[in-house]
Amino acid sequence: MKLLVANRGEIAVRILRACRELGVGTVAVFSDADRSAPHVAMADEAVRLGPAPARESYLSVERLLAAARATGARLVHPGYGFLAENAAFARACVEAGLIFVGPDPAAIEAMGSKTESRRRMHEAGVPVVPGMMKPAAAAREIAEFGAKHGYPLLLKASAGGGGKGMRRVESAAEASAAFERASAEAAASFGDGAVYAEKLVERPRHVEVQVVGHPSGEIVAVGERECSIQRRHQKVVEECPSPVVGPALRERICAAAVRAAESVAYTSCGTVELLLAPDGSFYFLEMNTRLQVEHPVTEEVWGVDLCREMIRIALGEPLTIGRPAMRGHAIECRIYAENPSRGFAPSPGAIAALRLPAGPGVRNDVGVEAGGIVPIDYDPMLGKLIVHAGERSAAIARLSRALSEYEITGVDSTLPLFRALVADGEFLRGEFDVQWLDRRLAEGTLLAPPRVREEDVVLAAVALAGGAAVPAGQNPPSSNGSPWRQAGRLEALR
Amino acid sequence: MKLLVANRGEIAVRILRACRELGVGTVAVFSDADRSAPHVAMADEAVRLGPAPARESYLSVERLLAAARATGARLVHPGYGFLAENAAFARACVEAGLIFVGPDPAAIEAMGSKTESRRRMHEAGVPVVPGMMKPAAAAREIAEFGAKHGYPLLLKASAGGGGKGMRRVESAAEASAAFERASAEAAASFGDGAVYAEKLVERPRHVEVQVVGHPSGEIVAVGERECSIQRRHQKVVEECPSPVVGPALRERICAAAVRAAESVAYTSCGTVELLLAPDGSFYFLEMNTRLQVEHPVTEEVWGVDLCREMIRIALGEPLTIGRPAMRGHAIECRIYAENPSRGFAPSPGAIAALRLPAGPGVRNDVGVEAGGIVPIDYDPMLGKLIVHAGERSAAIARLSRALSEYEITGVDSTLPLFRALVADGEFLRGEFDVQWLDRRLAEGTLLAPPRVREEDVVLAAVALAGGAAVPAGQNPPSSNGSPWRQAGRLEALR
Amino acid sequence: MRLEGEPGAWRFTRDGLTRDVSVAKLPDGRLSLLFADGRQVCGRARATGMGQVEVVVAGEVRTVALADPLHDRLSHSAAPGAGSGDEEVRALMPGRVVEVRVAEGDRVASGQVVLVLEAMKMQNEIRASAGGVVARCAVAAGQAVDGGALMLVVRDSNG
Amino acid sequence: MRLEGEPGAWRFTRDGLTRDVSVAKLPDGRLSLLFADGRQVCGRARATGMGQVEVVVAGEVRTVALADPLHDRLSHSAAPGAGSGDEEVRALMPGRVVEVRVAEGDRVASGQVVLVLEAMKMQNEIRASAGGVVARCAVAAGQAVDGGALMLVVRDSNG
């Protein structure tokens, strides 16, 4: 039995490790940018797909299928990103006689459509953000909607987008005037005055539920993840459990997630993403029909191996996940080759030094190594740091400790952001929502410019002046007789 | 608050990490062999003790106390080995006004004495291996002892040692003849014919119970560890839980361990070592009054942080360990710079390459790094690999996967032994006792000489012939013009 | 600011405060600085040009401005040489000559770049501190130089 | 056994079977060998002397005997040189001459060690394949040689 990993980077490495533990043979694929990448080195077999651009390599269905054919791989795991939620790819795999490690293509399709998935959720009794199904004919309809679903509301232009024509409505008293103005604005902007109302979820958190489905029809929810720390809708830090979800709410959101998965007869690992309001009400956002980037925090806390389980399911084996129980708290940091002090500008290039943290409760899922190149062609994620400890405060202390051991030089990284987070009061108290990080970054109150210490100056001066004698046990250098080295003196550095 | 770590290597690193997570300042100590060692680099402060020999550095009470004084450290953690079970050192710390991170010196002393500890266990109702308290006056006494405690017995010369004068007694029928022969043999060997009988525990396993005591009097048992894989009485691989201990037996041995700890009013992390007979009877061996090398397997399975708890107790804080519950299975491999194919000959020297495994369920507690020197002066342990998974078979599969990623070059290591173990049927079935590894090594049935594969030959030939072109993205080498490189051809290598 | 000593053992003085520091190189290339009071700093330092030094301590990157003085002092104009009015340009640190921009007999203006010296991975433009004529050029591009090595002699054409 | 090609792309032939292999160097110094059928082997190889090569694959250390042929072929006796009966001793691989045990004019016996060549960190004793007189010694200890470089000429004293 042989599995082809149709991906690269840390997730390819994660899947390859799971295969090795399962005794499943592995085929890696690579573009010309990745011939020397860790995910290739770790596989039993490897097939070149094409040039660096993803279109010609990791996104080429044709070349991936050819690679599977050439190596005799029976299974294809898409990872996340690239073709992971592409129903046509899943279908092409099945049609080529391969086992696609994921749900049925129909489930991918249904959940890939905003309208179709909302319809199914509605039927399954999973709450979605309430909204009017058609434009309001009069201000009265707005007030009626508000009376039914509560304020504040958001008026949106039917023909709109990009925030234009959007208007907040705080109470019934404002409904009429707001409707007039929003309608006029919409007419002016889009030539169409139609507006509709949606319930506005204020300061929402992003909470998601991990589900594992099996062809037998069994679907298990494995708790929630807190993913509110986002930069422009991109998750940066994830936790398990959520600091604001207690047992009762957990039971409710897990039940809703199972209903959501059941509505598409889900048969793999998947995630139901929810918007959680401060009052504990929650709304379906979307379902990700694949293994998530942040799956490790669930694995650590719930003691499950999602990647392994997903492959086992695809192999037709029974669930081994049982009735898992939570223990402790886990946090994941996504480490990108981006400079958080420069608007998260990507920083491709060669990794000079890479020191990974280790010890208790530290897990490194990393797709690069020292001396390797971070190509400009793909998502610049280098890997993930996952910590696990008995409770949230201990997990943050452990994260802080691990970050003090973590070193990446040669390319910029998001490590400074995480170092700032673990020292931030609001983060420590768990007081954040999906806009929190963008807000704090915009305010400039999170990333303080590093303060140079006296010891830094000494380190700089000493290093430039010749640093250390040779380490004990090593031979002295062959060069000698430098009078400067004999009695070095570097005056007036500053 | 500042803690001095009176140790080196991986355990010093472990303690320093715990301190960092607790917000406790750290002082490392080092000998001249260790100035560039990881445990020094990780500390806030560091003090040189003296030359490489342990007597003049890590075993020098005087210098350790001077280092604590010089840095203002309030706590001293002894780790394991060196002075960890030296009651005089613990007492000297207390007398110098320091907090010794460990139990009361009296507890160290009581458990350090074979006779005193056996006496206390007897009083506390903890079984010890039954033996006659004085030499047998006649064969009849042997038979009486056998009738009471069961066969087989072992007759031992009172004046003896080294196996001489030892004789197995299978049944009452043999008692008389065996007594005569053993007595005659003892008289011939030692000039003293006195012999006594002890119950012979056949094919015993080494199982030990982790206990955590608190000055409040509370003592918690945190399950057992299986440590039967030993090489000449030295543990090599440890597991949690033991493959042969079920809930009922676990309850019994944990209760016995708590009684043992109570008998010396134990107030720290400690371990009660037991001999477990195939019939489920068990006997006290000794109590280790310190943190064990193998504490991580308990941490992984029981979700506790023993090192942190130990420091917290010393700081006068309450137990946070609660009522922990087991989850999954953990295995630890002790990685030594020793060659298992050459009688475990120590292999000091410089570590050329060090590739650590990573990913889910893999923990590295390592005290060395690439480029570092393994000194000849100390125990040659490089570090520990700990894996954790949902059950024993998955943990072994994970261990096998991690070992495939692990690379140490420059010095020999015990990695080949572990690679052989994870492929061995008896190990997989958990069928072993304390003599098993020595037996298998002596038989030569465990460590097969590595079989060279066709690919190895290609690798060797290609590497010697010039290997690879320059990695993508790097500059071509400056050397050129080698006609051989232009159209390399290496004929008839073999 | 003043730094005296030799690799492994340094004395750092700034604002009247003196600190002795013992330095060891770690296997991964970092330096461990151990101050006399026991305090330790481990990290890397890399000159990034323009007198800036990037230090990495506990994985955190910070930039220290050692500024022009270091930059300038990579070469120094020593005491009068053979003839009066001669300026000796010497390497203050061990390094490698990347480029020599003048030849013997060339006229140079004060402040003109005469050669480029690479030290600690930083390329440093070495300038003449006074105008004159290049009386001697003792180094060539690519050549390694010890600290203190004579590289160039500029003769004051008015002397 | 036969190996043809150049760094990055090789053709390996043994026992009549030919395998094409593409080779990449990994950032940590290992080589990734990718065979035409997709199979891959990643590892290091280090010559340890006496024709032995230590390979490390998936962390496992194994010793491959490339044996005498390689050992011998590190130098090869080329086609007749200037005079008939001359044997040219050439370096088959780039390396460094560690020791030259003969001087021009010395008599050497067949099989006698004439020099020691270090290549791929392996010290290889190079022996004369026929007896004779050292007609020319083109290298000195410490000298780096390219593959193919002439090192020694042994003249058949009977020729």
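The first chain written gets the first letter, and so on, giving A, B, C and D; residue counts start at 1 in each chain.
Throughout what follows, a residue touches a chain if its C-beta (ideal position, glycine included) is under 8 Å from a C-beta of that chain, and two chains touch if they have at least 3 such contacts.
Keep in mind that what you see is a predicted model, and the values were worked out from it rather than measured.
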Name the chain pair with more contacting C-beta pairs, choosing from A-C and B-C.
A-C
Select the chain at the greatest separation from chain D, using centres from the mean of Cα atoms.
A
Starting from the mean Cα coordinates of chain B and chain D, work out the distance between those two points in Å.
46
Whole-angstrom distance, CA centroid of chain A to CA centroid of chain D, is 52
Interface hub residues of chain A, defined as touching at least two other chains:
35-36, 404-405, 471-472
Can you tell me which residues of chain C touch two or more of the remaining chains?
24-28, 32, 39
In the complex, the residues of chain A that touch chain B are 13-14, 17, 20-23, 32-33, 35-36, 42, 296, 299, 303-305, 307-308, 320, 325, 327-328, 350, 356, 358-366, 373, 389-390, 394, 397-398, 400-401, 404-405, 471-474
Give every residue of chain B touching chain D within the complex, in rising order.
353, 355, 403-409, 415-416, 419, 450-471, 481-494
In their shared complex, chain A is touched by residues of chain D numbered 24-28, 30, 32, 34, 37-40, 42
Which part of chain D faces chain B closely enough to touch in the complex?
1-8, 10, 12, 14, 19, 21, 23-29, 31-33, 39, 41, 43-47, 53, 55-64, 66-67, 69-70, 73, 92-94, 119-120, 146-148
Given the complex, residues on chain B that touch chain C span 27-28, 35-36, 40-41, 43-47, 70-71, 351, 369-372
